[in-house]
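Each structure below appears as C-alpha cells.
Same chain, two partners: chain A is paired with chain B first, then with chain C.
Let's look at the complex of A and B:
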C-alpha cells in the first residue's frame, strides 16, 4: 500500500497517510471546490488499506481540521465509517481529534463522531491558538 | 473525469432497492433482505443528515457572530479614520470633506480658532499638559455648540467649526461665546495660566470654493492675532 501525501492548499488540508507506519493525518482547512472529487481517492485508499491489511496492530488517526464545509463533512463520515468497521473487526483505531480550545463547532463535531462511531478509540485534544 | 458524487453509497443502495422492486418472482426472504438493506442506509442517511444540519447551523451561527464583530470593527475603524484620537473632534480630512459637502448644498459660516501662545504651554508645562488643554478645549467647544455644527482639529492647536445655514451675525455670536468660554475659566491642567484663543469668522454662500472660504477665514484669524489675540475678527 503506497503512502499518500498531499500538501495543503488554501482550500484543502494536508493529507499525510503513512500506511506503513499505520499513522494517518489530516491537517488544515477543507472546503475544496469539489469535495467528492478531492476525498474520493483518499477514502478509497483507506478502504483498500483496511481490506488488504493483515496486521492487528493499532492504527492512529490524527485529525486537526480547523474548518471543513458540509460536503467534506459528508465525505469524512465515509472515512470514519471505514475506520470504524476496521476497529470493530480487527485493529484498534485511535482517533486523535484536535481543535482550538475556543472552537465549539469542531469540538462538538468530534463529540458526535465519538457517539456515532463507537468502535473508534476517541481522544479529544483542545489546543491553544 | 472520475464520476464521483457525495451520495455514492446512497445511490448504490437506491439502485439495489429499485432492482428488487422491478424483479419478478422474488420470495419473502429476498424482499426482507432488500428492506433491511434499505433501512440500514436510511438510518445512516438520517443520522448523517442530522449531524450535517447541526454542523451547518453551528457554522452559520459562528459566521454570523464573526460578521457582526467585523461590522463593529469596521464601524470603529471608520470612526477612527474620521476623528482626532486626542480630542474626539473630526480630523482635518473629515472636516474638510464635510465643509465641501455643505457648500455644495447650502451657505455656511466658518470659524477657525487657534490657541494663543500654545507653544509656550507645551514648552513650559510639558506636552502632556498641552494635550490636556486641547482635550479640555474640545470639551468646551462641544458643550457650547451643544450639537450645533461640526468641530474639527485641523492642526496642532487649530480648530475649525462649520455652521451650515448660519448667518455671519449668529456665527460671530457663537465665536464670541467660545472665546469667553475659553478665556474666562481656568483650565484644570494648567490652572495658573490664562488660556485664550483667537478667532477668524467668515460667511460663504452656496457653491463657494472651500479653499477660498478657508483662506479668507484664515486671513481673518491672523488679523485677530495681529490685533492682540483673544479676539474675534471677520
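Let's look at the complex of A and C:
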C-alpha cells in the first residue's frame, strides 16, 4: 500500500498517510472547491489499506485541522467511520484531535466523533494559540 | 428587509443597491461583486480575514465570520445560474459564478449579505430550507446539524443542507432571506443575510 503525501494548498490540508509506519496525519484548513472529489480518493485509500491490512498493530491518526467547510465535515465523518470499522475488528486506532484551545467548533466536532465512533481511542488536544 | 428591488439611480448595480438598503445604518467594511471562483474566494477570504483582524474583532467572531463567508460564497459557486464552465478542467469542474458579498458592521455585530441569481426551482428548494430553518431554535439547529452530518447525503450534493445549518448555527439571529424577481428573466435573485 503506497504512502500518500498531498502538500497543503491555500484551501486544502496537508495529507500525510504513512501506511507503512501506521501513522496518518491531516493538517491545515479544508475548504476545497469540491470536497467530495478531494476527500473521495483519500477515504478510498484508507478503506483499501484497511481491507489489505494483515497486522493488528495500532494505527495513529493525528488531525490538526484549524478549519473545514461543511462539505468537508461530511466527508471527514465517513473517513472516521472507516477507521472506526477497522478499530472494531480489534486493531487499535488512536485519534489525536488537535485544536486551538478557544475553538469550540473544532472541539465539539471532535466530541461528535468521540460519541459516534466508540471504537476509536479518542484524545482531545487543546493547543495554545 | 422589503420584498422589492430597490429603485434608485439605475446606473448603480442592483447588488450594490440591495447591500446599501439592508446595511442602511451600518458601516460597510467589505464589498465584492463579480465572478466567484475558488481562486477568487481564497483571495477575497484572505482580504476579509485581514480586514476583520484589523478591526479588532474577537477570535470567536473572526472564526464564525470566516466560516459563514466560505459557506455563503461556495454556495454562490454551486448554485448560481450565471455561470460559464471553462473548458480546461482536467480533474476539477471549473465553475465560476456571479454574485456579491457585503460585510457591514453595526454596534459590534457583523452582518454578511450575499446575493446571487438562481434558477427558479433552486430558489424554491432554498426557500423551503430557509423557511424551515426559521422555525428552529438554536438547539434545534444544532440537533439538526448533527443529524444531517450523519445522514446519507444525496449523491450530487455538495453539502448545501449542512452549509445553511452551519451558517445558522453560528449566527446570533435567524437568517434573513429574500427572493427577488429579476427583470427579463425567469431566474430569481437570492439574497441571504447572516448576523454574527
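A few comments on the model shown:
We adopt the following convention: the second predicted complex is superposed on the first by the 129 of 129 C-alpha atoms of A that agree within 3 Å, B and C clash if a C-alpha of one lies under 4 Å from a C-alpha of the other, contacts with A are read in each partner's own complex, and residues count from 1 in each chain.
The criterion applied here is as follows: contacts are C-beta pairs under 8 Å (C-beta built on N, C-alpha and C of every residue); 3 or more make two chains touch, one makes a residue touch a chain.
The shown structure was predicted, so the numbers you read here are calculated from the model rather than taken from an experiment.
Of the two partner chains, chain B and chain C are each touched by A:112.
In the superposition on chain A, contact of A:98 is made with neither chain B nor chain C. In the superposition on chain A, A:40 makes contact with chain B only, while chain C stays out of contact range. Legend: residue contacts after superposition of the two complexes on their common chain; A:19 is shown touching neither chain B nor chain C.
In the superposed model, A:70 makes contact with both chain B and chain C. Contact with chain C, but none with chain B, is seen for A:10 once the two complexes are overlaid on the shared chain. Note on chain A: of its two partners chain C and chain B, the one contacting more of its residues is C. With the contact threshold set out at the top, residues 35-37, 70-71, 73-74, 77, 104-105, 112, 116 of chain A are in contact with chain B in one structure and with chain C in the other.
Looking at the complex, you find that chain B touches chain A at residues 2, 4-6, 8-9, 47-48, 51-52, 54-56, 58-59, 62. Contact residues of chain C toward chain A in the complex are 38, 41-42, 59-60, 63, 66-67, 70-71, 74, 77, 91-93, 95, 146, 149-150, 153, 158-159, 162-163, 165-166, 170. By the touch criterion given at the top, residues 10-11, 31-37, 67, 69-71, 73-74, 77, 102-105, 112, 116, 129 of chain A touch chain C in their complex. Touching chain B in their complex are the following residues of chain A: 35-37, 40-41, 70-71, 73-75, 77-78, 104-105, 108-109, 112, 116.
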